[in-house]
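One chain, chain A, links the two complexes that follow: it is found with chain B in the first and with chain C in the second.
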Partner chain A sequence: MNKTVLIVGVVIVAVVVFVLFAGLGKDPSIIDSPLIGKPAPPFALKAVGSGETVDLTALRGKPVILNFWATWCGPCYEEHPTLVANARNLPNVQFVGVVFNDDEDKIMRFLAQRGTAYPTLLDTNGKTAIAYGVGGVPETYFINPAGTIVAKYAGPLSTEELQANLAKALR
Partner chain B sequence: MIATFFLLALLQIKVPDAAQIIGPPAGTPITGAQLERRTMEISSELRCPVCQGLAIGDSPSIMAANMKAQVRELLERGYTETQILSYFEKSYGQFVLLKPKFQGVNALVWILPVLALAIGFILVMSKAKKLESAPAKAPVAEEPIDDPYLARVREMVDKP
Partner chain C sequence: MTPILGRFLILASVLVSTTGAFIAYAAGAKRSPEGLRWSQRFAYAFAGLMVIATGVMEYALITHDFSVQYVAHVGSTQVPMWVTIVSLWSSLEGSILFWGFILGIYIAATTWVNRNDHQEYMPFAIGTWLSCGAFFSFLIAGPANPFLTVANPPLDGPGPNALLQNHLLMIIHPPMLYLGYVGMTIPFGFAIAALLRGRLGQSFLRPLRASLLLPWVFLTIAIMLGGWWAYEVLGWGGYWAWDPVENASLLPWLTATAALHSAIVMERRGVLKGWTVTLIQASFLLTILGTFMTRSGVFNSVHSFTQSAIGPTILVFLAAVLVFSVALLALRIDSLEAEGQLDSAVSREGMFLVNNLFFVVLTFTVLIGTCFPLIVEAVKGKQMSVGRPYFDAMVVPIGTALLFLLGVGPALPWGKASRKEMQRALLPPFITGVVVLAIGYALGVRNGWTLLTLLFGGYAAHVTFAQMWLPLRQRMKRGDSFGPALIDTQLRRGRRRFGGYVVHAGAVIVFVAIAVSSTMRTQQEVTLKRGQSTTFAGYTVTFTGTEERAEPHRQSTIAHFNITKGGGPPGGGGNIITTMDPRMNQYATMREPIGTPAVYSTITRDYYISIMNLQGDEAGVLIINLPMVGWIWFAVLMMGVGGLIALIPSRRRTYVVVPESAPDIDSEVVA
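Moving on to the complex of A and B:
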């Protein structure tokens, strides 16, 4: 009986330790998106500065890199030059920035100081971010020419990570 | 809400709508105190994605406030609790549900505590049964007392 109890105890402890270690190795801010392989939720939002409306469905036919960011987000400052440089080098890819919970004046100042190469849209009530399951900024969604989300990246992108995820949209 | 709708229409702004994701409302629209109460109840079931284990109803973050506003709006439009939870689950996955569903690996969260309790109960019961059936030990015989002081005390105690 004592031997059985010992074996059961060791098995339970081993399972708990394994689960804890597996969980500790994960970044809690990275959530697997259930939207991968699903159509990108459609939206038409006002562009900062020009005031024009950009409709996602009108961008079908070319891959879209949809980046959620904000001026109050530190890593977004780090990521911005990478996005702008890649947008200039990849004319066949449509880059779109979506800013939520931010002030338009602050965004315009940010873009004026750091430059831009693609439209930045205002998500005033955060509904677009919620529909995409945004858990923090920056977060980037890669949409293929058919309008399907093929990848999600949480955190500031490097050129290598951007191109690796973009390759999924070009397959 | 109507004013927001007209403003958005004027600007030709279109945000992803719940109807495209979860279909038309299956319940009846609610307002007033009932709306506030139901908003809080459903908000306590949804995890704030930018916090550590906090419900959107308890979080001061902007993201949680946006999600709570969305819950309120959906209730106002007549969406049911199941539909609202499903709406958030479709974009954030089961992670967003503070009460995991009884399916897949998540079922273990419900099964394991009950299983652990059952195993513990069985172990305790079998141990108790064994103790009960074990022959009672013979009472320990009193040792002869050599100490004259103790002998005197015993004599005094035993004396009627």
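Moving on to the complex of A and C:
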């Protein structure tokens, strides 16, 4: 029995197995953001269709689900029905869509065909997306009633993931 | 019908591989020739079942049998035939079945080649292979079953992930990678057999080395094809991003390369047996780790399969193999003890040791960089990512040192080198190195690491060519004519040696090409209206317009550019050298449109155009000038060919045991 080999081997096995087991079950879509725990960057953007301006600071007091998306993004199509259905079921939660790098008429067509239940805002020069550090679409931020970001999710949301993250905003 | 047949075949393969493994281990323990014959039959049977099961899946894919769950997942009547065929490895379940298919072929082929040889080791080796086969059959039968049925089969499926349909390399890159990955099971089985037997005889080195070299060749080519694919489709002009899965393919390659070198020392001097066996075990374990990385959903990567239940299963397997390997190694490493000893650090074998050290350090560097985010998250609960700067800062110096060794090692004699020998061996190539450095400097290279790479590259190239032609020169001195001496020394008797130096020559070119292409690249972002041109890096690019193309699975917008040489008048009046047509593809299932860049390759450089955005008459493009980048693909291919040359078995099987008392044996004796 070679004790050196055994000890070195056991240490390597222990470290590898511990790290990989710890990594299992974590969802790499739940992304850390330096903004978590910080006030959500304010914005006032025009809504598609109505042309009304929606100001984030005016939405304080309600949890906000802020979804960045675009019509050129496949998973956004997939995610859209989930968001609309949840927005209808959760009247106490304010859903806000922000469209990134897109044309207004394309968005209008998209919403006309697929329905909507919440305001969709036009981020014309991408400044809001930059302020939030959006890395790709779809990406969703969960903001608590005090206006603080509590979670960030990259990729299309399912209802379970949406509710799990929303719970953080209601805590 | 098809799904039932498939499931039956897989269940049979679970049974056959498990039984076969037990029989084989028992045959090994009892040294029973009859048991060995039976375990061989089980090995063939396992392979047969895997091949037929894969054939059944291909049949289901080609006939669009959407009652099979896997076909319903990845099949589509809208995609071209080649996409349908390669869908086998485009998603999780199919790729595991494909793994089993390749494993079966490897096991059967190796069992057959060694059917009458190495009877001492073969039962344990077959037992180990079939145990791995049992695990993968179990995965296919259970957590990753592609043969599940769909109750209400859809009329059409979505087709495979769009990124995978974007390039023909999907046909060749994954199979090459699997041939490399899965192939590491074979040397692992041999290494386990040597440990279980408690000895590693000289005659067993040949199959051990060959079984390691073959997957090494495939893995080498697979890594290059992956880089080339990224370069051809991703549009940023790069070929390597230190993505976790790229790293996963590199890790076993590094340890396998180290093992190939330490095996040479083992063969020559009878030392480093335990070490070589450890490296072979590590190579196999790293392939399993790589499989875990791609399939567990733990790492965020372009290569990740969607999250699946098989992550924990693979992790349990990995942990079990780790524990088994470490325990066996601790128990038996001392019985593989050295027959010889090393005389001097400044000798070829001394350089082999340093080479091994660097390869292992490099492996740990990449491994830690890849897993560091997981470690931090496990310990501190924070997310972080390790980016390019870490890898570049760590890997560039170690890589440069390896290039240095690649030059110095083969120049030094075996045994102990005298001062005079050293001077004679080391000085002339240094002059070549300085010349190459000067040429680079004259051509405008200013980056310190690149200049150092040129110096070491010139040095190593000189040594490599000198070593390559050394036996030829000796033969001609003895009065042979050039032609027969060439064939005899390089391709007949000295094949292994010659092949090895072909690999080295390729590696030198790869080092230099990577250094030059990454530090000498220039790029320009520009927006062009239709008819406008821009001049960059010696070419004038004129935007001539766009074209829409609709295919069943995607919508493409193709931009056309004329390329003319030199400054030329605005509008590109000169002679058109070529046209370049980068495109944007919008797949129905993708998050974002995927661009396909256009590349114009010449011997000295690549000219690369990628679309950033297209709006009406305006195209925002990224133009990149990449010197020497094409050399990388060519040189890696050369490394693969060198490996194959070294792999072709000699006609006569003679083994020369190097006696301890003769350290200065001439290099041709063994060949």
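One rule holds for everything that comes next: the second predicted complex is superposed on the first by the 140 of 171 C-alpha atoms of A that agree within 3 Å, B and C clash if a C-alpha of one lies under 4 Å from a C-alpha of the other, contacts with A are read in each partner's own complex, and residues count from 1 in each chain.
Methods note: a contact is a pair of C-beta atoms (placed from the backbone, for glycine too) under 8 Å apart; a residue touches a chain by one contact, two chains touch by 3 or more.
Remember, predicted model here, so these are calculated numbers, not experimental data.
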| item | value |
| --- | --- |
| Chain B versus chain C as contact partner of A:5, first or second or both or neither | both |
| Partner chain(s) touched by A:135 [first = chain B, second = chain C, both, neither] | first |
| Partner chain(s) touched by A:32 [first = chain B, second = chain C, both, neither] | both |
| Contacts of A:42 with chain B and chain C, given as first, second, both or neither | first |
| Contacts of A:18 with chain B and chain C, given as first, second, both or neither | second |
| Contacts of A:61 with chain B and chain C, given as first, second, both or neither | neither |
| Contacts of A:75 with chain B and chain C, given as first, second, both or neither | second |
| Contacts of A:127 with chain B and chain C, given as first, second, both or neither | first |
| Chain A residues contacted in one complex by chain B, in the other by chain C | 1, 5, 12, 28-29, 31-32, 136 |
| Residues of chain A touching chain C in the complex | 1-3, 5-6, 9-10, 12-13, 16-24, 26-29, 31-32, 72-76, 136-138 |
| Residues of chain C that touch chain A when the two form their complex | 274, 289, 292, 296-300, 307, 311-312, 315, 318-319, 322-323, 325-327, 329-331, 333-334, 371, 374-375, 377-378, 382-384, 586-593 |
| Chain A residues touching chain B - in the complex, by the definition given at the top | 1, 5, 8, 12, 28-29, 31-35, 41-46, 53, 55, 100-101, 123, 125-136 |
| Chain B to chain A touching residues, read off their complex | 4, 11-16, 20-21, 49-50, 52, 62-63, 66-67, 69-70, 88-93, 95, 116, 119, 123, 126 |
